[in-house]
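Letters are used for the chains, namely A, B, C and D, taken in the order the chains are written, and counting of residues starts over at 1 for each.
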C-alpha cells in the first residue's frame, strides 16, 4: 500500500501516522519527492482500512498495490479449482453447460425441457423457483413447489440442478439442490454470502450489474472466508450506456478472472444480451475466450414463458447452439462431462 | 404499450397476437405504416409481461408509454407524501437532516455525536449497527449492541434514529428503531422489500448504484404493494466511469422523482462523493434543487473511524455545513422540524 | 414514429400537431387509450426532428420505431459489403488483419515490423503517423514523415497501409494511403466525416468511447451520404465503470451490427483491453463471434515504444496469436486474402 | 510516480529500469515489501510515458501520484482565473450567463431572443451557426451567415457572443466572435485544441460525454500549452446508464475542478437534462454548488426550433429561471457584470 501525503504535511503528523502503521505490524518507508512525499507500507495490508487512512489530515490519497482478496487469489493457489458435482465438472479443462427455463412452470414443462437440453449436451438443469422481478406485479415463481419440480426433473434425467436463492431463510428448501445460485442483485448481500460460506454446497455466484471484477472476487472471498471454496463465478453482463442489448457482456472479465483467481468462470449470454439470436455468437465467443462453461435459457415455448421469454431459446434453437459450441470445444480440447446423479 | 411488428410478419400470427391481448381485457389498434406496422394497446398494461410479448415471433420490439408503477406514481396521488416521525417531518416543504457516524462504535461516541448533530440542527440520528463492507475482513458493525447504543443516544437527545437492515431475519431487533434503512446494495432484494411492505415503520430506501430512476420507483412500489406507504427515497450517487469521486451524484434524479412520484427524496452527499470537502457544496446544491432532506456522515474523530472515516465530517465541520444549509432553506421557505421523542 | 401525448392534451392542439405531420407528407393515426393517447406516424420519418416534436406542449415523449440510418441499413441492402483493397478483402467471409505499431518511429522499425506481421499472416500494415495523445507533452507522432515511412514499408512488403487522420487539413498527405482511419475521438467530428464522404478511399471508422451502436451507424451514414460507401467499422471498447481493463470490449456489438447493417466490422483487442496478454483470448473471441477482422498492435520492442507500448505484442507473441486465429478461421470457413500491391 | 514491480522480477532488469529513470533526470527509491516491491520516482514525471513503463517486463502497474497537468493546475496558480470579455467577467466571484437559441435561424429570431435574454439578465448571447448533429439529414446550421446574424444581434444589444467551431478551417470566420466554443464531441480533437492555443480569444471548452475530469483538464492544458490561458470550462452532463435525462449532470465536477484548477467552470443544464422543466432546479443547484456561470438554451418558439427545441426555454420561462438564479446569487454574494461592447 502506498500512501500519498499532502504537500506541506507537517512532519510531526506524518511521523505519528507512520508510528500508527508500525503499531499494526507494518514496515514503513518514506519516499520524499520534489512535489509529493509518499509512504510505502510493507507487510500484510489486507486489514488496513483505506477509509481510515484517507481520513488522516496529512493524507492526499491511498493506492493499494496488492489485491485485497486472499482465498480467491491465484497467487496463493496456482492450480485451477475444479468444482465436481456427481462427476459433472467445471474448471480445469472441463466445460459445464447449465440450461433450462428462466422459471419452472409445471412438471410437464420442466421435464420436457430437461430431456431436450440433456439430449443436446447440457450437463446441468437450471430453472428458477424463486424469481427476482423488477415489478411486484410480475410472476414471482412457484417457490417451494418449483424446487420439487426441479427435483422431479433431476430424477427423470439425472441432471444435477441449479436454482437461485433469494432469501437466506429459504436455505432449508435447498437441501437437495446441487448448485445454489446467488443472483446478480444479491452479489453484495453480504449476510447471505456469509451464511453460504458455512454450507457445503457449490455456489454459482453471478456478477452484479455495476460491480467491478475486484468486488466480484471480494464477494467470492466472503463465501470462502466461511470455509466453502466450491464457487463457480458467472459473468452475465454489466450495465452501460448501450441500450440495444439488455446489458453489455464484459467478455474480457473471463481471461482477467482466470489470471487473478483460480476459480472457474462461466458466461450467461442469455441475460447479457436479452436477445435470442445473440446467444449463439456469444456462446461461441465464450468458448474461444476460455470460459469454463455456459448458462443458457431454454424454454419449450418462449412466447408463453411466464418470465424472460424474450431471451429464451427453443429446444431446437438450443440444439443448433450446442452443435457450434461442441465443435469449438473440440478445437480447444475441452470436454463436457455428464453427471451420474 | 406499443408493439412494433417485424416487417413481413404473417397476417395470421399478428391476428393471433391481437386476440391474445384482447383476452387480457385490452383494446388493440393496428397501425399499418409504410415500413413498419405497430399495435397500440389500450387499457391497464401494467400486468403485460414485455418479455413474453417480445418472445412472439412477429414482434420486433415493445415500448411502454405509461409507467409500470401505480402506488408510487404522482399521476394517481397528486399531493406530496409527508413522512412524520414523532413530529419530525420529511416532504411537503419539511426538510429532514439525518446525521451521525457510519458505524456506531461506543456509547460515548454515539451520544457525543448525537448531541453535536442535534445542536447543529439535525433532526434525525443515523448510525450503522449492521455494516455492508466490501471485504469480509473489515469491521462488520456492533450489530444488536449497536442498536442498543443508538437507542441510548435517542434517549439522551430525543432524536429519532435511522439505521440499516442487512438481513430480514434481524427485523425483530428493529422494533424501537424509527426509520429502517434499506441500503443501495439491497435496493433489489425483493424478498426484503416485500417483508418491509408488511411492517408499519417508515423505510428509507437508497438507490442502487446501477439502478435507473424507474427501477428505484419500482422498488418503492414493492414496499407499497404490501401496504406500507411511509417511504423516503435517497439518492446517493450512481456508478459511472468517473473515478475522482467515489460515485457520481445524480442530482437531476431529485426533480425527476418529484415529477414522477409523490414520495419525498433526500440526498446523501457523503456517500455520493466520498470526500469530506465536497459535502458542503453538494448539500447546498441538494437544497437548491428541491430535495426534501440530507443524510450526512459525522464522526467525532474521522481518522479513527472504524468505517468510512474518509468521507465523514467532524462535528465542527458539520456546524459549518448546517449554517449554509439553514441559510438556503430560509431562502427556499423550507423548515427543519424537530421530533418530540 | 410514435408520439405519446400528455394526459389532458387539448384536442385542438393535438389536431394542429397532426396537421403539421401531414404537411410533411406523413399519414397520422390517433390511438386513444384509457390513460394515454398516441399518434402513430406512417411514412419516411427519418427527417422528422424528434426535438422539435418533443418541444410541442402536448407531447410527452417520442419513440422511433424504424432506424434513422438508410444507406448503412441492412434492410435496404441485404448483402454484406466487401471492402477490397488490391485484393485484400474485408467482409463477406473475408477476414482482414491489420497489424503494426501504435506509432511509426523509424524506417528500420516500421519495415521490420511490417515484415514480421506479414510473415505471421496479417494482410494490412497499420501504424500511426499522427497520434492523438491525452497529454500535450507526449510524443505526437512523426506526421508527414511517418506516412513516408509507411509507404516505404508498403513498398518493401506489399502490405496495404492503414493510418489515422486527425485533421482534415492533412487529407492531401493521405493520397497514397490505402485505408484512412478515423479514430474513436473523431467518430462524431461531423465536418471530417462529411469531407471523407467525398473522397474515394476506404475508411476505417472506430467507435467512440461513449457512443451507442446507433450513433456509430449514423456516423457511417454521414460518410455514406457523401457517396463513399467503402467503410470498415471497428469496435475498440467502450467506457464503463470497470477499471481493470483500459476499456470494456463490447463484443455483442459485432453480431448486432451485422444484424442491423451490411458493413464489415472488425475488433481491436489491443485498445479495448490495454493489456498484451488479453489480446489472444479476445482475438479468438472476435473470430468466434463473427467479426470480419482484427486490428492488433505489434511493436519490435514494446518497452521502448514511444506510445502505447503497454498494450503492444512483440512479433513473437503475434506469431502465437495468429496461429490461434488462423486455426479458428479454418473452423469458421473464413480466409485471409493477401493484397497484391 | 510509483512503479509496482512484478513478484520475482529479476534484480538485474529492475536495476536497468531504475537506471533508465535516472537517465531521465529522476531520482529513484526502491521499497522492498513482503509481497511486492515498488520504485518511487522523484522529480518531474509529467513527461514519463506510463505506457512505455508498463511495457517493461518487470512492471506490474504504475500509479501517478501527481497530476499530469501543470498550466491548469491550482497548485501552481493559486488564484482564480477571471476571464474578462469587454467587462463581462467569469470567475473569481463573477457569474456569467450565456443564453440564446441552439441554432441561429434568422435575424429577427436572434435579435428578439438576444433582447429578451439581455432583459432577463444574461450577459452573453449564445447561438449555434455550425451545428453538430447526429444525423446527416438534420439541419446543420446557417454557418457563415449564422455568425453574421449573431454579430447583428451583438450590435443591437451589446451582448458579447459565444458560438461553436466545428472545423478549424473555419477559424477566420470567428474573428469578431467573442468566445469560441469547443463542443463536447471535439473535447479531444487535439489538432483543433493546439490551434486554438495560438489564437488570442477566450475558449469555452465543454466536457466530453465520456471524459474524466482529468482528461477534461488535460484538454485545457493542450490549449494553455500553446499560450492561450483564457479558458472557461463547461460541465454539460456525462453519459451513464440512466435514460430519463439526456445525460447525467455531474454536479460534483464543479467543486472538484475548482479544487484542482484555477479555471472558471460553468454548467449547461439544458444539454445535461434535455428537458425544459429541469433547467430551473439544475440552474439553482449550479449556483449553490459554486459554479461560475450558466449556459441556457432559450428560443422564441421552441416547438418550431430547427434543433434542440425540446430542451429550450421560452423567453418567459427564462425570465422565471433568472429571477431564481439572481436571488441565489445575492445569497452567495456573486454578481453578473454586463459587458460594454
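The definition used in the following text is that a residue touches a chain if its C-beta (ideal position, glycine included) is under 8 Å from a C-beta of that chain, and two chains touch if they have at least 3 such contacts.
Computed from a prediction, not measured in an experiment: that's the story for all the values here.
Looking at chain C and chain D, the chains in contact with each of them are A, B.
Set against one another, A-D and A-B show the most C-beta pairs in contact at A-B. In this assembly, the chain whose C-alpha centre lies farthest from chain B is C.
One finds 31 Å separating the Cα centroids of chain B and chain D.
Averaging C-alpha coordinates per chain places the centre of chain A 39 Å away from that of chain D. Separation between the centroids of chain A and chain B, computed from CA atoms only, is 26 Å. Residue positions 210, 238-241, 243 of chain C are each in touch with at least two other chains.
By the touch criterion given at the top, residues 2, 4, 7, 27, 29, 31-36, 38, 40-44, 60-61, 63, 65-66, 75, 239-241, 243 of chain B touch chain C in their complex.
On the side of chain B, the complex with chain D involves touching residues 210, 212-214, 238, 240-245, 248-256, 259, 272-273, 277-278, 281-282, 284-290, 327-328, 331.
Across the complex, chain B meets chain A through its residues 46-47, 49-57, 68, 130, 132-140, 166-169, 185-186, 188-194, 208-210, 215, 218, 221-222, 225, 238-239, 276, 302-312.
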